[in-house]
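Lettered A, B and C in written order, each chain numbered from 1.
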Amino acid sequence: MHHAYIDKFAYQDSPIHCLDARIKFLVTVVFTAVVISLPRTSVSILFCYAVGPFVVLVMGGIPLRFVLKHILYVSPFVLVLALTSPWYDRTAATIVFGPWIWHTTVGWLRCWSILCKFVVTMLALIALISTTRFANLLAGLQRLGVPRLLVIQMGFLYRYIFLLIDSAHHILRARAARSAGGVAFGRGAKFAAAMVGSLFVRSIDTAEHINSAMQARGFDGNWRTINRLQVCVVDYVFVVIAVSFILGLYFFVKPLLG
Amino acid sequence: MVKAIEVENFSYKYPDGTIALNGITLDVEYGERLALIGPNGAGKSTLLLAITGFVRGTGRVVIDGMEITNGNLKKVRSRIGCCLENPEDQLFMPTLFDDVAFGPLNMGLDSQQVKERVNLALAEVGLAGMAERAPHHLSAGQKRAAAIATVLSMSPKIITLDEPDGSLDPRNRDNLVKLLAGLSQTLVIATCNMDFAAAVSDKAAVIDGGRVIAAGPAEQIMSDSKLMTSHGLEVPRKFINGYSATGFSG
Amino acid sequence: MANELLSVPVATGTLAIAAGGLGLICRKVSRIVSSDKLSLMGILGAFIFAAQMVNFQLPAMPGTSGHMVGAVLLAIILGPHLAAIVISSVIIVQCLIFQDGGLLALGCNIINMALVPSYVGYFLYKGITVGQSSGRRTYIGAMLACVVAVESGAVLVPIEAALSGVLAVPFSTFLITMIGVHFLVGLVEGLVTVAVLSYLQQVRPDLVLDSLPGKIRLSRKTVLVTLLVFAMIAAAGLSLLASKMPDGLEWSYRERPNQPDFKPIIANENTTITAVDQLQSKYTLLPDYTVRGASADTSKGWTSFAGVLGSLLTMLAVWAGMSLMKRKQTKALGSS
């Protein structure tokens, strides 16, 4: 399944995978913020910014085809957003790019800008997620100050999503084993409703069992955790490189480009 | 002499009135491996819930010399660990390490001790080095072993297991038998599979209709074909005269 | 909501509000939450997650796809505080693992889908059902609460986008479409909520009770006052935005300073526009007039070209380098 795929990459080994989760997260946030804050008509600078997450992805051993597929998968919504710009903004503009000169509208420029920003920020986010184990990411978030209850909830959520998908699989398989051929729409909808219903009740039972398991292991309302994150020299090096990259592009290269 | 488990005339009714357990009296000595056998719905699971303090009824339940009361549940549960029927229910943390560490952490141990316990427990169940895995990446057999590890890390004196062989293929069942054979704790195992029961236990108790029908040495109880068949069970292959055991250790 | 709809100041602001709100809720609730609630929260979260994957994408309108939120259902079962936490967790996990919604948009999404609908929906439901937990009144209450909750979250989206000044779409069109679309979404969610509630009534009636032991006793007065304050803020905000002309038009006005009828309008709203403009220009070093600049100054065109080409070449080099290294590694392993 799609998400399980991302999960697998997180368990690989590479210099990127070994970086502290907090550092990676903060760098990703700053990177995203800076990229989004670039002028609405900037396009070329975005290519420069793309180098950063690209390098991280390559060093992390994440296959590019997977990344591109994933970006395409989540892009439809942004495509619609981007295309509203040329629709509503028809002001004329001329763009000079190397040996070419185009006559187009500001709207189209903004459209491309939005798309490029999207791709670049997605690259960064995918770089973060596919090189960081979710558990470590959660631990990092907690150390960064996210309320403990929320972190616990996210941990459970992550675990249960997979459980739910497995249960759904079982039900669908049982259904497939029992249906000889196609299903009429009315029947299908009824079945879907019944499936959701049974999943729901099963889930509530599961929740109770898990509660028993927690209490059986002595849970008394206080959530205790072990600190498993450590910042080391490599992390500092990464931060320095990343910050100089981000700010360097912003202050030195951006004024030069259109 | 203190026994590991003493159940004295314990009865329990469901909220809707059905009688689940009816005057159960049962003792388990330290180091024994007791198999609770009986047909479906006999009350085996409920009895396990009773001795782990999840179900409170009338009568006495004494674990490791401590009678279960409302106040000492946490203490009791540090002496007797329970493995639920579905291992997924026991693996609720993002990584295996977190799951196995959950118990020791709740016992108040410091991080160094917790880490040691986790590594020991995982090694004991054959999952050494998998501490950073996510539970949904484990196979069925591994999940079962992991669930046992989550209990082992608390170093309980007694472990209860509810149908641990459920949905395991023969090879994984074999591994489980070996695993259980290597444990030093007192074990109480509820199961519907007679061959499995014969392989892992030295004592057996037949439960039916919420009562203890018979209890005694495993071979004696389980080779009594009349007793077995009259309660919807069967004699395990191991104890059939003239049968040469294959496949199961023990 | 996507990153691209927001400007950094709005993103930071909403993130701060969302973080503050969540922090408050967590602190308040941590003491009361018992382990059975914890496991239930996790499971329900997974359900909401699955439900939210059902998207109604509306063509031609940017902003968000309409999808169910589940806030009211959760608020009824768990109470508004826990509901907000559960939905926030779903939003964060969706953002991180599925890249659904940008990192910067987290603040907005949490406010729009977790904080506002949970509380609005809950209080509306409680207000209508007045303590009952079954029967026709609860179903009506649930339907109404769902529609209002979904709408209240949806309305915030155009406001946040307009505050960022990114959108080319006129504010009013955006707002009206969002309201329209989410009315339908709210209806669907209401139906689903009612269905689930009636199912639970039969199967597990114990769940659908007021679930926090230390009851959140809010007097009617407090609720009304809070709502009033919010309404005033919303009205003030809306008037501010109504006077500031939507971006697309603004741009075209600047391009045609000669047209006399536009001048007085610009002059009147001067202060508000310049204030907002100043805020925005603080965060973009160069104004977005580079397009004109490029046409007038061809050297910039070449540097852009160089920049893009250079970046692409760098990426190619890195990729090639890594592939070579990997091939060497596997060769070394193979031969040894």
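Side notes on the structure shown:
The rule is simple: a residue touches a chain if its C-beta (ideal position, glycine included) is under 8 Å from a C-beta of that chain, and two chains touch if they have at least 3 such contacts.
Nothing here was measured: the structure is a model prediction, and the numbers come from that model.
Arrangement of the chains shown, judged by which pairs touch: a linear chain-to-chain path with two open ends.
The central chain of the assembly on a C-alpha centroid basis is A. Between A-B and A-C, more contacting C-beta pairs join the chains of A-C.
Farthest chain from subunit A (centres taken as the mean of C-alpha atoms): B. Centres computed as Cα averages put subunit B at a distance of 48 Å from subunit C.
In terms of their C-alpha centroids, the spacing between subunit A and subunit B amounts to 42 Å. Averaging Cα coordinates per chain places subunit A and subunit C 16 Å apart. Multi-chain contact residues of subunit A, defined as those touching 2 or more other chains: 134, 156, 158-159, 163, 206, 210, 214-215, 219. In subunit B, the residues that touch at least two other chains are 92.
Shown for subunit C are the residues that touch two or more other chains, namely 39, 42.
Residue ranges of subunit B in contact with subunit A, taken from their complex: 52, 54, 73-74, 77-78, 81-82, 84, 86, 88-95, 98, 101-103, 105-107, 111, 114-115, 132-137, 150-151, 154. On the side of subunit C, the complex with subunit A involves touching residues 2-8, 11-12, 22-23, 26-27, 29-30, 33-36, 38-47, 49-50, 57, 59-65, 85-86, 88-90, 92-93, 96-100, 102-104, 166-170, 195-196, 199, 203-204, 207, 248, 251-252, 255, 283-288, 290-295, 298, 300-312, 314-315, 318-319, 322, 326. Residues of subunit A touching subunit C in their complex: 3, 6, 28-29, 32-33, 36-45, 47-48, 50-51, 54-55, 58-59, 61, 64, 70, 74, 76-78, 80-82, 84-85, 87-89, 91, 93-99, 101, 106-107, 109-110, 114, 117-118, 121-122, 125-126, 128-129, 134, 137, 147-150, 152-154, 156-161, 163-164, 193, 197, 199-201, 203-204, 206-208, 210-211, 214-215, 219, 221, 250, 253-258. Subunit A makes touch with subunit B in their complex at residues 4, 7, 11, 133-135, 138, 155-156, 158-159, 162-163, 166, 206, 209-210, 212-220, 222, 224-227.
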